[in-house]
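Look at the two complexes coming up: chain A is in both, with chain B in one and chain C in the other.
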Partner chain A sequence: MFKMLNPRRFYHAVGKKKFLEFILLAVFILFFYEPLLNMLMLAFANEYNVPSVLPKEWGFKWWGYVFGQKSLVSSMIQSFIIAIATTVISMIFCIPAAYSLARFQYPGRKVFMLSFLLTNAFPKLGIYTSIAVLFYKYGLMGTYAGVIIIHMINSMMFMVWLPSSAFRNVHRQQEEAARDAGASPVRTFFKVTLPMAMPGIAVATLYTFLGSMEEAQGTMLVGLARIQTMPVAMYGIVLDSSAIQIGAVFAILLIIPSALLIFVMRKYIGPEAIAGGFKMK
Partner chain B sequence: MKNKTKGLLAAYGMVLPAFLVVMLTVAYPIVSAVIQSFQDEDTGAFTTANYTYFFTETAQRNNLLYTLFVVIVTVVIAIVLAYLLALYLRFVKSGISRAIGMLYLLPRFVPTMCAVYAMITIIRDSGLINRIGLLFGLDIKLGLMYHASGIIVMNMWFNIPFATMMIAAGLGAIPDSIIEASRDSGAGRWKTFTSMILPLSMKDVVVASTFVFMSNVGSFTTPYLMGGNSPKMLGIALYDQFNKYLSYNRSAALSVIMFLICSVSAAVYIYTNLKEKDWEK
Partner chain C sequence: MEERKVKLELKDMAKKYDNGDGVEHINLKVYEGEIVTFLGPSGCGKSTILRTIGGFMDVTDGDILVDGQSIVNLPPEKRPTAMVFQSYNLWPHMTIYENLAFGLKLRKVPKKEIDAEIKKMLELVSMSGFEKKYPGQLSGGQQQRIAIARSLLLKPSLLLLDEPFSALDAKIRQQMREELKKIQSDLGITVIFVTHDQEEAMALSHRIVVMNKGKFDQVGTPGEIYDSPATLHVASFIGEMNFIRNGGSTIAVRPEDIVVNKGHGPMEAVVRTIMMLGHYVVLTVQRGNEIIKCYVDRELSDQLREGDLVNLTIGKHTVFSRAA
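For the complex of A and B:
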């Protein structure tokens, strides 16, 4: 077995093509996953001094520290409330729009479609700052409603484009068949169209929820000090503290919801479903 | 005829709520930002001084050029590497390629702040790479922190998986039969690539480049946590104008400048997307 650790022996054992593939895999893992794994390790490092590669002492010391901060628990609750509300509200607005853009041809369709690209082309901070002026006028600063609107802006493009491309891929004949069998348009939509477009919708929902969970800039600006989501709290804690472990613990806490959601929706996540969100048809 | 009007009404009824939300929360703030950018800070009179400031001040001009440099390098490297990875995933069928095909989708869902933080634990001067080097008696100082190269490395982490996904979706849509036909008619690998695969996937390359470009022009978290003090990325310069110097008119002008930079790539994107082929309709 140890003979395989010698690169030259390994090369001859598996052949040139396999060898190159293994190198690709190694580089890939080192670049994309080693940072995350290192951070996971740091979160459980009580003592981590230069120059040791592995922590001197393992434990939950920094978890205790982070959970000892009063702001943390409330920031987690606020994050979840806002993320769930953002997702539900943008679904209510965007899914019908996506269906309309996918199924009907009418004047102005391309303009509607393009308008959603605006959110991605203009710098977010520029939008936030001028929206803040509006919010002051209508008393939305420092409220849940204000923060949810900000989070919705971020996700509207995906929430319209992704489901729209998913709806387009549902064959019209299948809907017509259901209609011929006597189903009402509403029933056809819920029983035939929606289930088939589910991968696109699921990915869009995932994006919206996670986007809301990680949004910090706009929340800081519009939430004033009253609304503190997890990423906002993380900025505060990370920039104030010298111990790198605190940031690591916080980052892990922030990743957990994504990891859970990805696990639940794993069968929907694929390049075809995601790529649809970036194409305008 | 009556049915058609009903369908049209339904189509507009479904798309308009989302469209109005975008108009109110995105288009209107953008318009008011544009107006503000031409107003004098104190008097509110018409002026172009807010714009000329960013092109005549040395520090601001450097920020602009620095951002363009970072973004263009990011786009070029990310797209080339992503294309190679996508080709590998499409045409090599092996356990390793399947594994990478799963693993590369996840970075897209890791919160930006967590990923940046994780990368910092690796590349900072007392980070993992330095510590491993010390084991072998080497004092490796990468010098990536607070430097353009560090931002570019981080951008690779975010954008290679994204661009690969877009291109992979495009390559996946090319039927094997087309490639086999080209090979059967005597074309070599290179010829098949340049005459069939590349042209067929060009549209996806453009889409991927556009989004990589746009998302990096206004990037905030990465330069905020990893970038140096001077020159700065425009996202940080904008944040400074607004938060530090409280000059709303200049920050509005800078937003518009960034928007115009993005529009160049958005225009290319829209042009490629609107050229709908007849059989795609």
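For the complex of A and C:
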């Protein structure tokens, strides 16, 4: 067994191509996971000084600190409230839009679809600044509504394109068969079309939720520090940098919901589901 | 012949698309318990007619009557028709039971009755025990059986079938044809069938409507259409046919209606190929620059070689003027 770990034996056992792939993968994994591991370590380090590899003292000191700070706990709650609200509201707006794009032919359909790309084409900060000017006028600065609108702008492209491709994949005959069996158009949509498009919609919802959870720039600008979501709070901590461990604890807290959701929906998340959303037809 | 009840009547019906294609002046009566097939090449308008009957397309003009009642203003869910499509009939997120029960639940049929009817229907289409499966676990032929069962459960006045077997392979297609014919005669329902497969049309139908470019070429029993085609298109579309030029007209004659004799005679030809196809032999002969196909029996073909001189005698045939 250990004999096989000899690099020369390994090289000849698997062949040149596989060996090089293995090396590449090993480097990649190291590159990818090393910072993650470091962060994981820092979160459980009671005391740590920069040049040393391992912390001096392990423990949950900083976890206690984070959960002891009222403002930090409230930022978590705010993050979740905003993420859930953003997801629900953008579903209400985007799913009908996605359905109309998938099923009906009308002039300007393609332009409409491309318009969602526009918000991603401009530098974000520029858009946020100009939006802020409008928001001041309408009194949306520093409000939940304002922040949710900003988050929705970011998620719209996913929320329209992915469900639209999911709706396109529902065959017309399947809808017609439901009508034929006696279902009204509305019932056909809820009993046949929507359940069949659900995987695509679920992926879009996931992106929206996760996107909203980690959005910081816009929230900071439009929220005027009154709305403190987790990423915004993290900015403050990182800039303070009195204890990097707090940042690490926060990062792990941010990862948990993402990791959970991705695990639950792992069946639906794949290159096809995502690539399907970017087909223009 | 006794007076039969008219099930479906198309009255000067028209459906025009924006690009000018479509069908018009469609008049047809379908009687109760009949299988009528619309047969024609793709794009001839046969599916268009079926979809207007099912309610998936509006008519531009005319009327459609089922049991004497006009249905043109009803949406598909209110029509007394049930349709089976070429594919994608079933809803993949529902079990077979749920697929079958869908329409019955909408009609508020009690659950016990639904269970009993589904059981009976699955037996009829020889799919008992599949209630808990999902459509994705079934073969194409099985899926179409379930689709037919779902339509039959709705007890439609009229069953519409839009090329339901064309996505299946040849052997299963033949089997499904026989089963459909049996189910139809057991239940006595009226069926409108659409296909581009002339063999299927001949095998299934009581009457065939041969269509071409949005028009009816001929309406008749399979026998009538085979024996006396009304137009050149019908003659060429249904079965094998030889077209022999004769002055200003064309003689259409089936390969089995040509008698072949060895030796000289008034209509001489040269044997080109001899193909054994089991119980009969396909012979192609050349006469001038025309190639004529004949079916002959083994006894004669055994005496023939390629290049031999034969004499043809034309039996039953139809004459078309050249202009047609």
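Criterion: the second predicted complex is superposed on the first by the 260 of 281 C-alpha atoms of A that agree within 3 Å, B and C clash if a C-alpha of one lies under 4 Å from a C-alpha of the other, contacts with A are read in each partner's own complex, and residues count from 1 in each chain.
Note that a residue touches a chain if its C-beta (ideal position, glycine included) is under 8 Å from a C-beta of that chain, and two chains touch if they have at least 3 such contacts.
In this text the structure is predicted, and so the values were computed from the model without any measurement.
Applying the stated clash criterion after superposition on chain A shows that chain B and chain C can sit side by side. Once chain A of one complex is fitted onto chain A of the other, the partner contacts of A:G59 are absent, as it touches neither chain B nor chain C. Of the two partner chains placed around the shared chain by superposition, chain C is the only one that A:A178 touches, whereas chain B remains out of contact. After overlaying the two complexes on the shared chain, residue contacts for A:F93 are found with chain B alone; chain C is out of touch.
When the two structures are aligned on the shared chain, A:G15 is found in touch with neither chain B nor chain C. Once the two structures are overlaid, the count of chain A residues touched is higher for B than for its counterpart among chain B and chain C.
With both structures placed on the common chain, the touch criterion links A:I262 to chain B but leaves chain C unconnected. In the superposition on chain A, A:M196 contacts chain C only, with no contact to chain B. Shared-chain residue A:G139: touches no atom of chain B or chain C.
For the superposed model, the angle subtended at the Cα centre of chain A by chain B and chain C works out to 90 degrees in steps of 10. Once the two complexes are overlaid on the shared chain, A:P7 sits clear of chain B and of chain C alike. The gap separating chain B from chain C in the superposed three-chain model is 7 Å, by closest C-alpha atoms.
Residues of chain A that lie in the contact sets of both chain B and chain C are absent, per the superposition on chain A. Contact residues of chain C toward chain A in the complex are 54-56, 75-77, 81-83, 85-93, 102-103, 106-107, 147, 150-151, 154.
By the touch criterion stated above, chain A contacts chain C in their complex at residues 171, 173-174, 176-184, 187, 191-192, 195-196, 198.
Chain A contributes residues 18, 21-22, 24-25, 28-29, 31-36, 38-39, 42, 50-53, 93-94, 96-97, 99-101, 103-104, 106, 110, 112, 114-127, 129-131, 133-134, 149, 152-153, 156, 160, 206, 210, 213-214, 216-217, 231, 234-235, 238, 244, 247-248, 251-252, 254-255, 258, 261-262, 269-272, 274-276, 278-281 to its touches with chain B in the complex.
The part of chain B that touches chain A in the complex is made up of residues 7-8, 10-15, 17-19, 21-23, 25-30, 32-33, 36, 88, 92, 94, 96-97, 99-100, 103-115, 117-119, 121-122, 126, 128, 130-132, 134-135, 156-157, 161, 165-166, 168-170, 172, 204, 207-208, 211, 214-215, 217-218, 220-221, 234-235, 238-239, 242, 248, 251-252, 254-256, 258-259, 262-263, 266, 270, 273-274, 276, 280.
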